[in-house]
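See the structures that follow.
There are two complexes below, and they share subunit A, which is joined by subunit B in the first and by subunit C in the second.
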Partner chain A sequence: MKNTFKQIFRTANFLIGFIIISIVLLFITIYPIFNPGNPLRMIGQDSFTPPGTYFSLYDSLDVSHVYTFRLEGADDNRIYAKLSDTDREHIKEWLLLFNDYDDIFEIRAEDIDLEDTEGLLGLWWEHFDPEVRFDNMTIAERRVFARLDVNMDRLFDFYDKEVWMYNPESGESEYLKSVGTLDYVNVSDVANVRILPLGTDNFGRDTLKQLVSAIGTSLMIGLIAGLIATGLGLLLGLIAGYIGGIVDDFIMFFTNLFTVIPGIVLLILISYSIGQEHRGATTVALVIGLTSWVWTTRAVRAQVMSLRNRDHVNLSKLSGHSMPKIVVKDILPYIASYVVMAFILQVSSGILAEAGLSMLGLGPATTESATLGLMMNWALRYNAHLSGAWWAYYPVILVIALISFALNMINTGLDRVFNPQLRG
Partner chain B sequence: MKGYRKYFTKKIIWFFITLFAAVVLNFALPRLMPGDPVAMIVSRVAQGINDPAAIRQMFESYQERFGLDRPVIEQFFIYVGNLLQGDLGLSFSRYPRPVADIIGAALPWTIALQLPAILVGWLLGNVLGALAAYIRKGFDKTLMPIMLFMGGIPAFGMAVILLAVFGITLGWLPVAGGFEQGLIPHFSWRFIASIIRHYHLPFWSIVLISIGGQAIGMRSMSIYELNADYVKYSRFMGIKDRKIVGYVFRNAMLPQVTGLALSIGGMVGGALVAELIFSYPGLGTTILQAIREGDYPLISGTALVITIMVLLAVFILDVIYGFIDPRVKATQYD
Partner chain C sequence: MKKKQWIAFLVAVIMLVATLAACQNQEAPAETDPPPVAEETPEPEPEPEPEEDEPEEDADVTRELPRDETLYVMGFNWGPPNGWNAFGEGNMNNALAMEQVGRGARLPMFETPFMFNALDGELIPLLAYGPYEWNDDMTELTYRINPNAHWNDGTPVTAHDAAATFTAGREFGTDTTAAFAAVIDSVEALDDETVLITAALTDDGAPVNPLMILTFLGQNYILQEAWLETLAERNDNDGAAMQTDPGEDIAFSGPFGPYLLSDTMVVLVRNDDYWGQHESMWGTLPAPRFLAHPIFEDNAAATVAFMAGDIDISQVFIPNVQDLWLDQGLPISTFMEDPPYGVPLSIPTAFFNMHSEAPGIDNPLVRQAIAMAVDYDLIIANAMTNQSPTFAEVPRSLMNPTAGEQAMYNQEEVAHLQWEGNDIDGANALLDEAGAVMGADGWREIDGERLSFVASAPYGWSDWEAAIEIVAAAGEQIGVQITTYFPDWSVYNTIVTAAVHTEYDIFMMWTDDASPAQPWSRIRNLLSSEFVGNDNNWSGNWGAFENDRVDELLALIPLETDEDEIRAMYTELVEIYLTEVPSFSLMYRPAQFHAVNESVWTGFTEDGDGRNVPPLNAVNGFAIADLFNIRPVN
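Now for the complex of A and B:
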């Protein structure tokens, strides 16, 4: 036994899988300690806030210690930031129109680099002429460009900004302070700072926090589903394989039946029949477990049948041992390794099944915690993929794939130890 | 022909048994719901409808279909009778369109997408698996973890990744639908080109997810076969390596055909979920919409059609297996 464990831990595949799973487990236990609270609390008013560090603009004005820095390129950065993406698009649009209008001026769309602020501004100042009138251009459109030209001059206004506080009682504003271009505050001095490593989702909820709790819930669903499926499969496989005869025929009939009837169809029909109100995480796990026992049953039965007539089993029978004792002492130890591997695979497919169900809108109806499938469902339902909110779905896919990969690696590692033929 | 006839008769009988079981399940599951199933079914959809006459009509038509006041056996015969006439009831969400009509419009899309995709994925996976087993060394060491990782990505995950990368970031391919919006289906180059452009992403996402699992299975199978006595014996006899690989591949393929028959249900399930990521106008998207709108007749009808599709696929694979398995052939000469 001890030797087998040593061997298992020496297999590269097993180790990789084991380390990944350990890191994931460690992370989901430790993270909530540093960031406690309800993972489904909506903290943001906007949907899909990008990842980053957020600090209160209001509080940052109250920071008492203001430092002065003279940083290289600070002014350039300021101009870059002030020239918005839409302004850049407008500049490009005007230049291309001018290209068609003016015979001498020539520029191609691919030569205009939207990121190159200096180049853009240079082209603009060199060529922009408010008197130029393009064909088919409405007055409103022309005004957009005129306004853009005025705004462009403002890019270079680096005057101090004054902060005033409005007092609703007196109806007057009082002067507070003035902020210059060289003023800096330390983020740790700001009263309210929130780091959102993965931004927020469509409901304004902290994605990372939600992900951590979702991993826990999904793993639990996988574990419950795996336990039920493996337990049921083992029991039925043992009965069918050991007793044989009509019992075997009966069990195998149902096993073959549910092998060909697609599991997703059963999952959909049962989950829908249960109804949204009654579908908790545990119920979903139960349904998944009850629909995925067939593989274990088939395999366990096949193994038990080959063991049934081995000498040591016959010897036990002749010695008058009872059936349960024979099964536990002479058969189970031989199939234990297989059952463990089947269980690991069932956990992984249980997690995937939950995700698939949730994508169809039949996931667990839980208000306490998300699942990986529900997070995917929400992200896609609110078109995260169309609005470029990668943080709402890539991490979820990555986590599902990683967990599944790790469990598969553990499995192949075990397989190599128990099936020496596969060792390469 | 005795051996073949016996084999095929057995397979045909089995097909009808599974079909019967699928129908029974479809019949029984809504009736196992606690309370009055008709009231339950109608109430889930009725929340969004303001016209009481329409709700009443739905309720009555369903009460008649279910015939709950009659004995269960009679209810079952009414149900089967309706099915045999191709009558799956009327959709709630697109009332009064018949469910059979909606499914009929979606079915060709799903078949045209999934059948080639699953076959290509299966074939590619087997070739890669066999190569990994034969070449070993670096190829095996790099390919297998990749395959394992890809096998772990769920179908919808692969679909979202392809969509985000090729559809949005690179903008090479359209992200939704089966053809360009605003285009009316007709026979023209423009329409066919549009269909092909929309076909790529869903197709490749299904292919990519099917490769992983198949490759791993084929690799184990091939390694097992490569170590078999007949291979060693052939080597001693001086038979060319290429010929031996042919034998090994054929022997390792057989279980893979059975494997496909056994796993096709799961693959179809995954592909259905991938379909809905692209709003592909097939059964996956249909069932998603039906679930969202509480359209029970449509859910039940789609589920039944998916099951029948899978059962047919399994049956066809069984028939093919009968032709290629030498053991079935051998019984001819008994």
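Now for the complex of A and C:
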């Protein structure tokens, strides 16, 4: 036994899969300790907030220790934040259009220096008129220029900003402080800071926190589904293979029946008929388990049939051992390795089946639990892939792929040890 | 590691990469959402028609349609269309060519006497010439048909056509006429040009509802008398058969006529002989030669085509629509550049089901508590991605956010009743008052029975589903268990429109948006007991709320002419609505979403351009004016 384990852990495939799964498990155990709370809580009011560190603007004004930094290029950064390269291109575009439109104004493309911020803006401020409508100018184009104009308002005015507090009861405003361009605060001094490594989803829920919880749920669904499928498959396979005869025919009749119906169709029909109000994560796991036992049954039956006429089994029979004893002592050990491997694959396909079901809207209820499939479902419905909100679905895809990859690696690693044909 | 193992590892890595790539590619096809187009009139099951056009042919047609002469629209039609017969509109599923609704009928092919402008409530003559006229006691309305108007076969449109359309509609029982049968006694032709509409009268000789007669003018098409006779003849005067006849030979007066009808596409072609190019109407032909509506599988597919510039006008809900121009720099615009981006005319509402046996739902305090706990700002920012004003901007009432309707009630008088939402303390206090005590399991109970409700919306209508999820999240905070359930639309609508249903305790439905009869018609649609217990009830009050005073006020308002009196009655209705809470509005919503991609066409309506054309996608009511204003970009 010890030797077998040693052998298993020496297989590279197994090791890779094992390490990945361990890291995932470790992560989902530790992360909630540092970031506790309900993962389904809608914290953000906006949908698809991008990943990053968010600090309260309100609280940052109250930080007592304000530091002064004279950083090089700070003003340039300020200008660039309001006036990007694309914006400069837009200014040039407008000036050239205006050149064609206005008889007096004349400028050539090569005279416009995109690097010369002041020169560029000088031209813009002197000539831009939101009322001017060029021929065939679309609504979209005109709005681009109008937004640009608003954005560049007071671009060079780096004056101090004053903060006033408004008291709604007295209706009066009270001067608090003034903020200059050299003032900095340390983020750790701000009372409310929230790090969102993967932003928020369409409901404004912390994506990473939800992902961690979803991995847990999905693994659980996979485990339950795997246990049921393997358990059922093993039991039926053992009975059919060992007893044979009419019992075998009967079981195989049903097994064949289930084999020809595509599993996913069965899964969809059952999930649909249960109705969403009863569809918790456990129910979904049950349904998946109950629809995926067929292949295990067939494989186990085939193995048992070849085992039952072996000499040691016949010897046991002659010795008067009872059937359960023979099955447990003389047959199970020979197929145990296969069953473990089948189980691992069932877990993996259970996770994928849940993802598939939830994508179709037949998964567990959204407010009750987070699962990988549900996260994908909502990201898709709110067009995350069209609006560039990669954080809402890419990590989920990655995790699903990683988990099934790891489980499959474990499986091939075990195969290498147990399968006599591959053993070398 | 041995060589073999290295190869195995390499293969595994390749597989991982392939899996990732495959997952990404599979995204779009995996989406099976049916279209979330709440405002589209639901169609009965389409009749199985032998389809003439093979899919291969469709592809050829798409290639043949010259892009710079074709205006592509989407988001009206889902599922295969069945014909061109506007007399049997409900059976055609051809929403590009026909839809007769209060916000303005769909006008490219068939025309109404007047065009309704949803922006200001005006009725603008189309087939009619000059304004309509009431007699003194508003029992008779007359208008004249434009003498220049003619059908596509060259024969003039006459008052006889108007009379025949109504008479045939009533005789053969079309849904579009049935909606007005109670308010219109007859439509007659006084001569070739003059149409007389006589109002149905109450027992004391007053017109039943003049507002609805005005709605009729902008909602119901005029069809050709001669064609209606042909239709009746070939179907042996069988009303049902007449309404399922595909009507390929139908006469039309609008600027476009039939070109192609297939499972994937409806195309109209410009009628270059259109009467409206006469100076008394538009003075010109529409700019596009073809008007095409591809039928997409779902919103996502339609949106992808719109973003790519293959579609010019989109009627689907696009979450975070501003990202399309702000982040992606696409030549896409909405009516307004800033939130709410469109003109909110309807008020999607969650109804409490009065027939439900769930404990507590019969108690107005419990209903109000749930409604008060809901975070509406979250719904508007999240589910609607800010494409709705907030309830702080437009406090809840029975009115839509337009200035005209807001002026119809006394806001100060009901201000103390207008909750803004996310008020957990207030909701808990109400529940305590209602005698709902917190049980050991964290859920409240009334008389030992847990407050537990099923909240529902049709599957795939993402903004409604998200909103219902947020309602459920609010329930959790006040100890009321709300389970969400999203059945398929076909199941959902059958249940909700049944005479009595108990499956859903809280469920989403729409409200009326715009018509000359608003806000009266919307209030009737939300609260009138006349719809309670009706089979196949598509008219409203799906939660079966009953209140005698409401019914009384609904009967009085259409006949009242004193504006102060009308205002007082509307205020009282709002007060009843906010204290009885038979339903609660979750958001405001445009009657139709409207976004344009100006890759090929420009000159669409926009807020503040002085043209006053409503953003109803260039086909509904006065929005048709856009077809005569747009021009190619290049």
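In this text, the second predicted complex is superposed on the first by the 352 of 424 C-alpha atoms of A that agree within 3 Å, B and C clash if a C-alpha of one lies under 4 Å from a C-alpha of the other, contacts with A are read in each partner's own complex, and residues count from 1 in each chain.
Operating definition for what follows: a contact is a pair of C-beta atoms (placed from the backbone, for glycine too) under 8 Å apart; a residue touches a chain by one contact, two chains touch by 3 or more.
Bear in mind the structure is a predicted one, so any value in this text is a computation, not a measurement.
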item: Partner chain(s) touched by A:Thr412 [first = subunit B, second = subunit C, both, neither]; value: both
item: Subunit B versus subunit C as contact partner of A:Met359, first or second or both or neither; value: both
item: Touching partner for A:Phe48 - first (subunit B), second (subunit C), both, neither; value: second
item: Partner chain in contact with A:Phe27 - subunit B first, subunit C second, else both or neither; value: neither
item: First (subunit B), second (subunit C), both or neither touched by A:Tyr382; value: second
item: Partner chain in contact with A:Ser404 - subunit B first, subunit C second, else both or neither; value: both
item: Touched partner set for A:Tyr58, first subunit B, second subunit C, both or neither; value: neither
item: Which of subunit B and subunit C A:Trp125 touches, first, second, both or neither; value: neither
item: Touching partner for A:Thr138 - first (subunit B), second (subunit C), both, neither; value: second
item: Subunit C-contacting residues of subunit A that also contact subunit B; value: 275, 359-361, 380, 385-386, 388, 393, 397, 400-402, 404-405, 408-409, 412
item: Subunit B-touching residues of subunit A, taken from the complex the two chains share; value: 256-257, 259-266, 268-270, 272-273, 275, 348, 352, 355-356, 359-362, 376, 380, 385-386, 388, 390, 393-394, 397, 400-405, 407-409, 412, 415, 421-422, 424
item: Subunit C partner contacts - residues on subunit A that touch it in the complex; value: 12-13, 16, 40, 42, 45-48, 86, 136-141, 143-144, 146-147, 202-204, 275-277, 359-361, 365-367, 378, 380-383, 385-388, 393, 397-398, 400-402, 404-405, 408-409, 412
item: Contact footprint of subunit A on subunit C as seen in their complex; value: 1, 5, 8-9, 12, 15-16, 19-20, 23-24, 27-28, 30-33, 300, 303-304, 307, 318-320, 323-325, 327-333, 337, 375, 377-378, 381-382, 385, 454, 459-460, 462, 465-466, 469-470, 472-473, 476, 483-487, 596, 598, 602, 604, 606, 631, 633-634
item: Interfacial residue positions of subunit B with respect to subunit A in the complex; value: 14, 17-18, 21-22, 25-26, 29-30, 32-33, 40, 44, 136, 140, 144-145, 148-149, 151-157, 160-161, 163-164, 168, 175, 216, 220, 223-224, 227, 261-262, 265-266, 268-270, 272-273, 276-277, 287-288, 291-292, 296, 299-300, 303, 306-307, 310-311, 314
